[in-house]
Amino acid sequence: MKFQYQNSYNIKEEIERSKIAILPVGAVEAHGPHLPLGTDNFLAERLSDKLAEVVNGLVLPTLPYGQVWSLRQFPGSITVSNRSLISYINDIGESLYRQGIKVFAMVNGHLGNGTALKEAARELYETCPKMKVLYLFYPGMNKAAEEVRETPSSHGTYFHACEIETSYMLYLAPELVEMEKAINDIPDIPLSADVTPTPWEEFTETAVLGDATLATEDKGIYIIDIALKNMVQLIEAAKQETEQN
Amino acid sequence: MKFQYQNSYNIKEEIERSKIAILPVGAVEAHGPHLPLGTDNFLAERLSDKLAEVVNGLVLPTLPYGQVWSLRQFPGSITVSNRSLISYINDIGESLYRQGIKVFAMVNGHLGNGTALKEAARELYETCPKMKVLYLFYPGMNKAAEEVRETPSSHGTYFHACEIETSYMLYLAPELVEMEKAINDIPDIPLSADVTPTPWEEFTETAVLGDATLATEDKGIYIIDIALKNMVQLIEAAKQETEQN
Amino acid sequence: MKFQYQNSYNIKEEIERSKIAILPVGAVEAHGPHLPLGTDNFLAERLSDKLAEVVNGLVLPTLPYGQVWSLRQFPGSITVSNRSLISYINDIGESLYRQGIKVFAMVNGHLGNGTALKEAARELYETCPKMKVLYLFYPGMNKAAEEVRETPSSHGTYFHACEIETSYMLYLAPELVEMEKAINDIPDIPLSADVTPTPWEEFTETAVLGDATLATEDKGIYIIDIALKNMVQLIEAAKQETEQN
Amino acid sequence: MKFQYQNSYNIKEEIERSKIAILPVGAVEAHGPHLPLGTDNFLAERLSDKLAEVVNGLVLPTLPYGQVWSLRQFPGSITVSNRSLISYINDIGESLYRQGIKVFAMVNGHLGNGTALKEAARELYETCPKMKVLYLFYPGMNKAAEEVRETPSSHGTYFHACEIETSYMLYLAPELVEMEKAINDIPDIPLSADVTPTPWEEFTETAVLGDATLATEDKGIYIIDIALKNMVQLIEAAKQETEQN
Amino acid sequence: MKFQYQNSYNIKEEIERSKIAILPVGAVEAHGPHLPLGTDNFLAERLSDKLAEVVNGLVLPTLPYGQVWSLRQFPGSITVSNRSLISYINDIGESLYRQGIKVFAMVNGHLGNGTALKEAARELYETCPKMKVLYLFYPGMNKAAEEVRETPSSHGTYFHACEIETSYMLYLAPELVEMEKAINDIPDIPLSADVTPTPWEEFTETAVLGDATLATEDKGIYIIDIALKNMVQLIEAAKQETEQN
Amino acid sequence: MKFQYQNSYNIKEEIERSKIAILPVGAVEAHGPHLPLGTDNFLAERLSDKLAEVVNGLVLPTLPYGQVWSLRQFPGSITVSNRSLISYINDIGESLYRQGIKVFAMVNGHLGNGTALKEAARELYETCPKMKVLYLFYPGMNKAAEEVRETPSSHGTYFHACEIETSYMLYLAPELVEMEKAINDIPDIPLSADVTPTPWEEFTETAVLGDATLATEDKGIYIIDIALKNMVQLIEAAKQETEQN
């Protein structure tokens, strides 16, 4: 159920019934030649819809601008600072708390948002003591991806516009993928990228971190469904916890 | 043209061709029994689409959370502080500037955002000296609305979920209006509301400021088209100005 | 009664008797060839004195530096940011609250301060819940000015060093007006001034927005007395409200 | 010459002629039974006038609210935080710099402002490299006071509403002193007041730190004239320095 | 070479010779019954000394207070916010830059500091464009630890007062380890700890995340030497890079 | 007793027994040819140790970076802003408060930290109402120094790397003093240094403010012991005060 399509006369009852608000958080960011700039927004949004169906959650409008430091020099990327992102999310969270929400789940489609979301969750932990705040970035995906990927990951935690993320899109937003433009571009990411600020133009010209041509809908289904199942469990456990308090 | 549906390989060219970025800014806010909470988002978004068509602009993803101090106690309202909103918009604006945008036009669907948008524009005036920043809230609508409205406005500058705003929706997002639920509720707004912080629950229970039953698509068309025409002129003049510099 | 002329031994009793603190807020800003830079300070101060007499209020020392973004490039203008102004006023307001003040009325002589004063009032609404905070800028003057003015206003909300403001000075601080230097300079303010940051040097060289030669004491008396009457009613209603809580 | 009494047409020339802006900074603070709450404002203001005459400076409107942490619980005291004060002064200083001022001299009438004024001066040192910023608090007064005082000082740096400060007022603002109410109240200030936050109500009920009955105009003249002479030398040396750069 | 043991007369030459500043960053935090609260400080400090010897770096005084959100409720833990930590480090970094340092390497002994150090490095990337900033947390340790550990890690990224960290101490600061008090306490860390703020008291009473009794100096030597070798390579590559610019 | 050498199992008891936390605060700063850059750290640290012995306090790890505005251009100086220092100390103080500390004594070895420490103490006064916060900078040293010094002080409050501070080092850290390099360099500090931002390179090339060759251990002992005795009294009185509340 989409929050902003409800009206003020029925939303109170819906909140009481559901108690769960789901905020898709994405980014506008370069994703190679075959994926749109809004890839992380589309993924977060559609994954949120699926999640909401299972947990009876209320899907909030997507927060479409994220922290895109690493790719900010690429055409089309728009970045906001962690500080701005944290403030903005905190305000949203505090409003939801006053509205009666008990579980505030951020469904994140962009790795770079992770720091801000975690920090915001910690600040809300103090200001909204009876609300559980979750920051969800495809929980359990690492293991699942290992099981289906045909090429090794180019980095321990990054994945971007590659075999994996393109597979997500083929599952969740296939009409927005131009597979005929997909490329194989496995970068040589230097070890130093983990220990010093390293804009990605230093190791890739395409912003594709892997072999996107190997992406398939099936791989997407396999990983996303595992992540979704984990998300459902985490949210339901969080809801139970708030009910016990 | 929707910015986030482009990819990183073609966006550079599109930016060079257009030079105009349009950011719809709305809010999630109580709008009575007949309009959805996201009314200001839908209006900003669809108006932006129309505008982009005429001026060949690039429509950015909607910024869906605004400053909703006055109605924040109403069911479903979500508010962010001016400070958070200003920071977030400044970051977006600075990214656009680095990407080559020359005219950054914010199409605002929510009066309460006005202060933050103006302040953000002034800060960007310093940091992005060669980009024109516009904050557009239905320019010219006051005079136009006077010509078509059948009931007097309940306040000098406020209009909300009333004959006028409902008419906008009947034109721009008719499928989201439940006219059968529209009510006539003209509040008695005290003079003090202009000089001291006054949450709207002090003078309305419905959040409708007028007679929504009188709304018609024609009224919406009449006013919106005037506003649109003004917006086009303002943006084209701004674009010309940046080209002369 | 001037607050700072009292001593610490009698002020407590005076606060208990009055409960109303009046803060004149002005600016140092270019006002053409015939009015002093401190015009907004003198107006705010003298209007506050008149107001205090009627409502038995305590007049605080004038806050003499305001937000003068639009005219900051003109000789003699001094500007402070909204952020600094808000912080400074919040601190003053919180002190007054601890001292027992129930109505904190800011008498504003400079339109550009409006945003900061309103924002400060909203922040004090949270931190000082039992104090009413008013931001007063000649309430009701628009209608009154229409009745007496001989030339049309050059803008919907701006008025500056013109027929109207000069009339105020002729009433409240005539000894500081050099009418022999008054000029008639009606600017052509572009529509864009309302939607994009527009320093006033773009449309005026004099900072006079109208025909100052038409100013008369009588016009000043007529408008100011209406504004004063409105201010008295607003403050007395606010005081009553705090007494009922 | 009073800055705010000039108009925008002649101020430019005055600034070019003088290059010196003098800002009186005071406070609203308890000063015992015989001195008004605005004592520090009156002293700063009148001392500034005398100073301006000698150095041909331009006296700005008084900044009347200062940092009054120690006495904030006393009736009538109004305090602002160092942070707010620093921001506000920085904005003023930057405006003056853009207006062509070369020496910005803050004449401080309230010891508690010292920290903020020094910090603001250091920040302006970075942002306004060619302007000298001075924070002046009766330079040289300690030695001069020792020469005329009949009772020992109750503290190494504090003096307040006592023999000394009352003497200043008898010289600079005699019409505001009620000597018949002056008292002798020498507090026993604990050593700990210098090493831990200590509101003054812990050691005085009157806010008078000494024997105010011993104040005389002559003592005021003696000390103030020495301070004034020092201020003149400091400002003239600062002005010379800016001219050599 | 210890920076603070040098004097101002010889440090300039040392900086020119070395160009590398090494900042140990630790924390004061509960580390079970057998390790001291300052464990992360001792590790960071002694590792820095070893590193400095190889790369000819200058070791700065240890920054001993870190972000300890997760364990802040445990006896003896002291936590600072990310925001404070970032500001403080930025100031240090900017000073080093002005002093001629080309490589600023933070040797981090506490996982919880990671976010702040990375963010600080990114801010310094803008303000100190010709200095490389590194945030080093035992680079390469994960793989190395897998090779020597006898019990599985209790979490993907956390390790604390366990087989691994105790081994580090047995190598680097053996005199501070009380192995006779070491315990085996493998917690059951819920999956939710990765997606919602989870103070560690929710899953451990001891703050030991594993079997500390299995710690040996040899394991410490094995892992630390690999980490050290990686750190040396990263720093030398960074230094070379700055020399090429 | 050193705080960070304790473990989490015994610290709780130690805190309950002692209730006093002592934080040495120093700086890294030029101190002439004969004293190390970390002089203020060494002094603060060793003085804290002596103090802790007498009052049974817990000595925290030294905060080694302070506000060094005046000497920041000298080789080896590292400066942090007052704002960063205040935030960082506030966080530490709040943690100590939650841990049960009743007296938080900052032993300051660097005059330039005074402003930040006092401000932090005032902020902690609000947030930690039952904890006494002390900022101690050799209390009583001025009088004591007058009694032993052979050359007059070069400034009312400054003393730096001179007869006095070198004597402190000869007493507290003699192994770090190179007396054979000590110099006599009495600067002519202009009066303006007290009223306008004045980097010390304007009046000294050595950073020595006096005749360091006259330093002796005996002078150090004499002054330090007086300061220490004062510190003990202040802390014990503070402790008593918290016990009475």
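Letters are used for the chains, namely A, B, C, D, E and F, taken in the order the chains are written, and counting of residues starts over at 1 for each.
To be clear about the criterion, contacts are C-beta pairs under 8 Å (C-beta built on N, C-alpha and C of every residue); 3 or more make two chains touch, one makes a residue touch a chain.
Chain labels with UniProt names: A, B, C, D, E, F = Creatininase family protein.
Just so we're clear, the structure is a prediction, and the values are computed from it rather than from any experiment.
A.B. asks: What chains, if any, are shared contacts of subunit D (Creatininase family protein) and subunit E (Creatininase family protein)?
C.D. replies: Chains touching both subunit D (Creatininase family protein) and subunit E (Creatininase family protein): F.
A.B. asks: Along the shortest chain of touching chains, how many steps lie between subunit A (Creatininase family protein) and subunit E (Creatininase family protein)?
C.D. replies: The least step count works out to 1.
A.B. asks: Looking at B-C, E-F or C-D, which one is a repeat of the A-E interface (more than half the contact pairs shared)?
C.D. replies: Repeat of the A-E interface: B-C.
A.B. asks: Please compute the angle of the rotation superposing subunit B (Creatininase family protein) on subunit F (Creatininase family protein) (C-alpha atoms), rounded to a multiple of 5 degrees.
C.D. replies: Value: 180 degrees, nearest 5.
A.B. asks: Work out the mean Cα position per chain and let me know which chain is farthest from subunit E (Creatininase family protein).
C.D. replies: In terms of C-alpha centroids, the chain at the greatest distance from subunit E (Creatininase family protein) is C.
A.B. asks: I'd like the Å distance between the centres of subunit A (Creatininase family protein) and subunit C (Creatininase family protein), where a centre is the mean of that chain's Cα atoms.
C.D. replies: 49
A.B. asks: Could you give the separation in Å between the centres of subunit D (Creatininase family protein) and subunit F (Creatininase family protein), each centre being the mean of its C-alpha atoms?
C.D. replies: 30
A.B. asks: Touching at least two other chains at once: which residues of subunit D (Creatininase family protein) meet that condition?
C.D. replies: There are none in subunit D (Creatininase family protein).
A.B. asks: Taking the touch definition from the header, please name the shape of the chain graph: line, ring, star, complete or other.
C.D. replies: ring
A.B. asks: Using the touch rule from the top, order the ring's chains starting at subunit A (Creatininase family protein) and going via subunit B (Creatininase family protein).
C.D. replies: Counting round from subunit A (Creatininase family protein), the next being subunit B (Creatininase family protein), yields A, B, C, D, F, E.
A.B. asks: For subunit C (Creatininase family protein), which residues count as touching subunit B (Creatininase family protein) in their complex?
C.D. replies: Contact set of subunit C (Creatininase family protein) toward subunit B (Creatininase family protein): 69, 82, 115, 118-119, 121-122, 125, 132-136, 139, 191-192, 194-197, 230, 233-234, 237-238.
A.B. asks: Would you mind writing out the residues of subunit C (Creatininase family protein) in touch with subunit D (Creatininase family protein) in their complex?
C.D. replies: Per the touch definition, subunit C (Creatininase family protein) meets subunit D (Creatininase family protein) at residues 3-9, 11-12, 15, 28, 30-38, 41, 60-65, 72-81, 83-85, 87-88, 90-92, 95-96, 98-99, 176, 178, 181, 207.
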